[in-house]
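Below are structures written as structure tokens.
The same chain A turns up in both complexes below, where it pairs with chain B and then with chain C.
And now, the complex of A and B:
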């Protein structure tokens, strides 16, 4: 299989260039800082709580939880509840019950919580930046060093060369996501312990008529939720990777293509703050990257934007990028 | 000749950004031939070579390698080619050996033994496990040749191959090229702006200027050919007459001077025609052994187009 040898070649180059190592090193540093920060915040919160509410011993949270549970039960039985509140109350009660059954302080962090939260925060800027660092160099790096000439005068058609590069990128994205997960579990595990994988977590939020609808909320175990978050993150990585890949083919300079996509991403953050009423912005890929917010219900509801909508928009960008990449790459004159 | 051509260029043209850089090049290269492609900088040598290996698409005309069209049968055509284009760019972050392994992986016919042999052939065996970023230009050039001949191509294309080689390296390189052509049967297409290099290495030479091949001949013959120099009042018309009626490409040297190589064409009849067409002929002389003169004129007098 020639394609396999080509992919092997690309992986060897990527490893020798040490770019992947660099990306992983950034991950280690950032996760460590983030985990340490979480630890500090947690301790401060605990201190505040014990000041305000007089909870000193670690066991005392149970009393509070019991109290809340009874309170919620009463509210649930009240005849004036409407359906929406009911389901979110039920979900909240289930979570508290789990905490009591397993003697888990709901305030405490865990490796499972942390690794999921980390990716939820990383998905719209930090993860794309890591992917851009890898993707933007794959073709333009060869153009600027002139080695593209060596690659394209073999008895291999151009589309196959490009396909091997694209598939290598897909593989690298898996590696980055895998390491992001493993590193965040290991590093945060030292701070918070390695457990927490079966704790229930709420999902199933919907946006109805511009409002967050909690009527269909339900609990899933944390591991399942993490899996969903990381799957969505992988999808985002593929999207951003494909777009960077295309830009690096069109621009032919690594620095320029990294600059273009980074500024686009940052501009995307601006747009989602300031231009929400301008309808066309929702078709931009940068505005649709926060897919995990649909899971956690922390999305600022914008009329007409749903998980399905965002995924469709991103898919459209990906397919267009891949098509443009292949058409341009196989037709262009190599003048470097 | 009855042999099948290894490389055939037919009316090859290329226009880049509205500027015609190659203006209809015709060439044929036979097995075991060392073919020089001589021309000043900017004459269109590299553009022609890039079209041969499919890096750029011709605006017009076709390239055929061992009977396969580069445009329609890219993979089969390029299976017969090894090349260095312009400069030997290698992956600097890999070692020489890792570079060769990259290219070997793209061609199933290359064995470990072949890689070893090629490394010895180009004299890189002591440095092949060092990173290419530590190589001198000469060593990169050797590595470039190694990757080009790795898969035993029928056609070896070398664009300015002796850049960066010292005199000893050049002699070594010439011997290697001769050995590849005469013992292994490769055809070699060498571009250069150095006359001496072509004279010492090649069997055939094509001289290219401003995108046009002005002369293709056996290197030995061309040195003894008759070159005629005319001084006349309208050189453009004279060049047109020579091209249209006699199929001769002439060159304008100075304001009123043109020069052309006449192989069997009768000078008296050409002169007759010039006069009949109303040209005022002031001077006409034969020059001998003038390849060097001609080439100096080519490389100096003109601006690069």
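And now, the complex of A and C:
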């Protein structure tokens, strides 16, 4: 039997199991809640600002932006300026200039901003949980319901069956990311408008000697930034998917495998507190999931932890779990 | 049939997205790990040379002012980009026939520690020695972030910061006096740009800060503390810039006017020497 039709079979099985629908439903509900929450926060910020700086401060943002632009130009020309500030100043000026040119109040949200922000926040816990819902069930579900027998008695090698399941998982992860993006754009678009795709966003932060280094920052357009964020999110999805895939093969029980991987993820959030002085923690996959922070510069600067380091660690975990999955699945005795 | 078409649409979406996401992933790695994506950063702005190149011997025909400290010293917030540098010399013109030269070494966001480091670097020694009058504005950045703390930790944190600040300032006063034994130093007090959103308690802290500063500053006979608090209090709308923190053009003029009134006599005195 060809691999392609095996995958087709698996995908259709997943769809008819309604699990994917649950994931999408959760996405719709949560994105709506977040978008509404963002709108509330926005209004509160505006209210606070106008209380502190006078009622005109929020509508009259152009004057403030003009002022800031002048100040930054002066700063740039000052001979006593810190050399390291230069590129962050240039980046900031470019952003303000863009806001002024396109009449965009920097306070306002947009669908582009929201959908990116959403994924940046979701990447280390929410997205992995959605992926676990799909992945943890793929093999253990068949074991517990006994259908794995029917799969294995067919004249197909075991590795081919497992490969088809793994590739199905990879396809479903793309679909989840795709819908996360489309849904967050559509839903937040109703709240904030659909624009904002060409606004410049700063990126290119580095860590030098344990400190965040902004000397090489530059702007990329928002659409490119969003693309990078979602790509990293997809990578994270594949990593978490592979690991929970392995666990679901090892423990054979859906509930147990979901429990194991979820507690590991949550524990990862605690463990990141020890990152600076407990070296071994940085090789755990859970603390490396916040890949998008390297783009936005909002990470805890630790010497030796870079994008490449995190990706290598995650890749190592993925390859290891895939190998373990295949070896274990082809060797094990299946007694159902 | 429905499932078949669903399968095809899923596999198409998946393939297309997969390719797009791979490109994005590659870009993300490039962006965060390439050495420098923009060549402009190095070449664009030419290095401005130090002011020491200027001929700066102390002579009888010029009156030199050095302005140092934080963004207020620098003139941030002035929509005409002038700040003290130009207003002070305008006001002083009436009191002296000498040519007025101004050096402004203010840096946005500078705290008392930063000012001390600036002095420690010794790059300013010559400029300080040459100046007849020095204007110092510092402390706002030391104090500012305290407002966001809750009342429980505020009091303690305030004490810590005040102590640090006073220590730094003490050292600064000493260093300035060593570098130039004769210059008059004007120290600007702090005002409260958030008057409308401030509790009585916060006002008390600010007053303590200003009072302690004044005590310290005027231990040296040639330092003068000029309060700004009273001038700004009911004039926030007129004197504060759009950023809600720095003085605007009118604010800098008002402050410069006050400063010039306070030191009028000294300047005329110096000029007639």
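In this section, the second predicted complex is superposed on the first by the 328 of 336 C-alpha atoms of A that agree within 3 Å, B and C clash if a C-alpha of one lies under 4 Å from a C-alpha of the other, contacts with A are read in each partner's own complex, and residues count from 1 in each chain.
We adopt the following convention: a residue touches a chain if its C-beta (ideal position, glycine included) is under 8 Å from a C-beta of that chain, and two chains touch if they have at least 3 such contacts.
For clarity, every value in this text was computed on a predicted model and none was experimentally measured.
Participant: Let's test your reading of the overlay: on chain A, do chain B and chain C clash or fit side by side?
Facilitator: They fit side by side.
Participant: Just chain B (first), just chain C (second), both, or neither: which does A:333 touch?
Facilitator: A:333: touches chain B, not chain C.
Participant: Counting residues of chain A touched by each partner, does chain B or chain C come out ahead?
Facilitator: C
Participant: Scan A:70 for contacts with chain B and chain C and give back first, second, both or neither.
Facilitator: It touches chain C, and chain B stays clear.
Participant: Using the superposition on chain A described above, determine whether A:22 touches chain B (first), chain C (second), both, or neither.
Facilitator: In the superposition, A:22 touches no partner, neither chain B nor chain C.
Participant: Have a look at where A:2 lands relative to chain B and chain C in the superposition and call it first, second, both or neither.
Facilitator: After superposition on chain A, A:2 lies in contact with chain B alone.
Participant: If we overlay the two complexes on their shared chain A, which of chain B and chain C does A:36 touch? Say first, second, both or neither.
Facilitator: The answer is neither, since A:36 touches no partner chain.
Participant: Just to be sure I read the superposition right, which of the two partners does A:270 touch: chain B = first, chain C = second, or both, or neither?
Facilitator: neither
Participant: What angle, in steps of 10 degrees, lies at chain A between chain B and chain C when each chain is taken as its C-alpha centre?
Facilitator: About 160 degrees, rounded to the nearest 10.
Participant: So, does A:194 touch the first partner chain B, the second partner chain C, both, or neither?
Facilitator: neither
Participant: Which holds for A:12: it touches chain B only (first), chain C only (second), both, or neither?
Facilitator: A:12 sits against chain B and chain C alike.
Participant: Compute the least Cα distance separating chain B from chain C in the superposition and give it as a whole number of Å.
Facilitator: 11
Participant: Is there a shared patch on chain A that both chain B and chain C touch, and which residues make it up?
Facilitator: 8, 12, 16
Participant: For chain C, which residues are in contact with chain A within the complex?
Facilitator: 3, 6-7, 10-11, 13-14, 17-18, 20-25, 27-29, 31-33, 35-38, 40-41, 45, 48-51, 71, 74-77, 79, 81, 105-108, 118, 194, 196-197, 237, 241-244
Participant: In the complex formed with chain B, which residues of chain A make contact?
Facilitator: Spelled out, the residues of chain A in touch with chain B are 2, 5-6, 8-9, 12-13, 16-18, 145-147, 149-150, 152-157, 331, 333-335.
Participant: How about chain B: which of its residues touch chain A in the complex?
Facilitator: 16, 50, 53-57, 74-76, 78-79, 81, 83, 85-87, 89-94, 98, 102-103, 105-108, 147
Participant: With touch defined as at the start, can you tell me which chain A residues reach chain C in the complex?
Facilitator: Contacts found on chain A: 8, 11-12, 15-16, 51-54, 57, 60, 63-64, 66-68, 70-71, 74-82, 86-87, 90, 171, 174-175, 177-178, 203-206, 215-216, 218, 220, 224, 227-232, 234-235, 291, 294-295, 306-308, 311.
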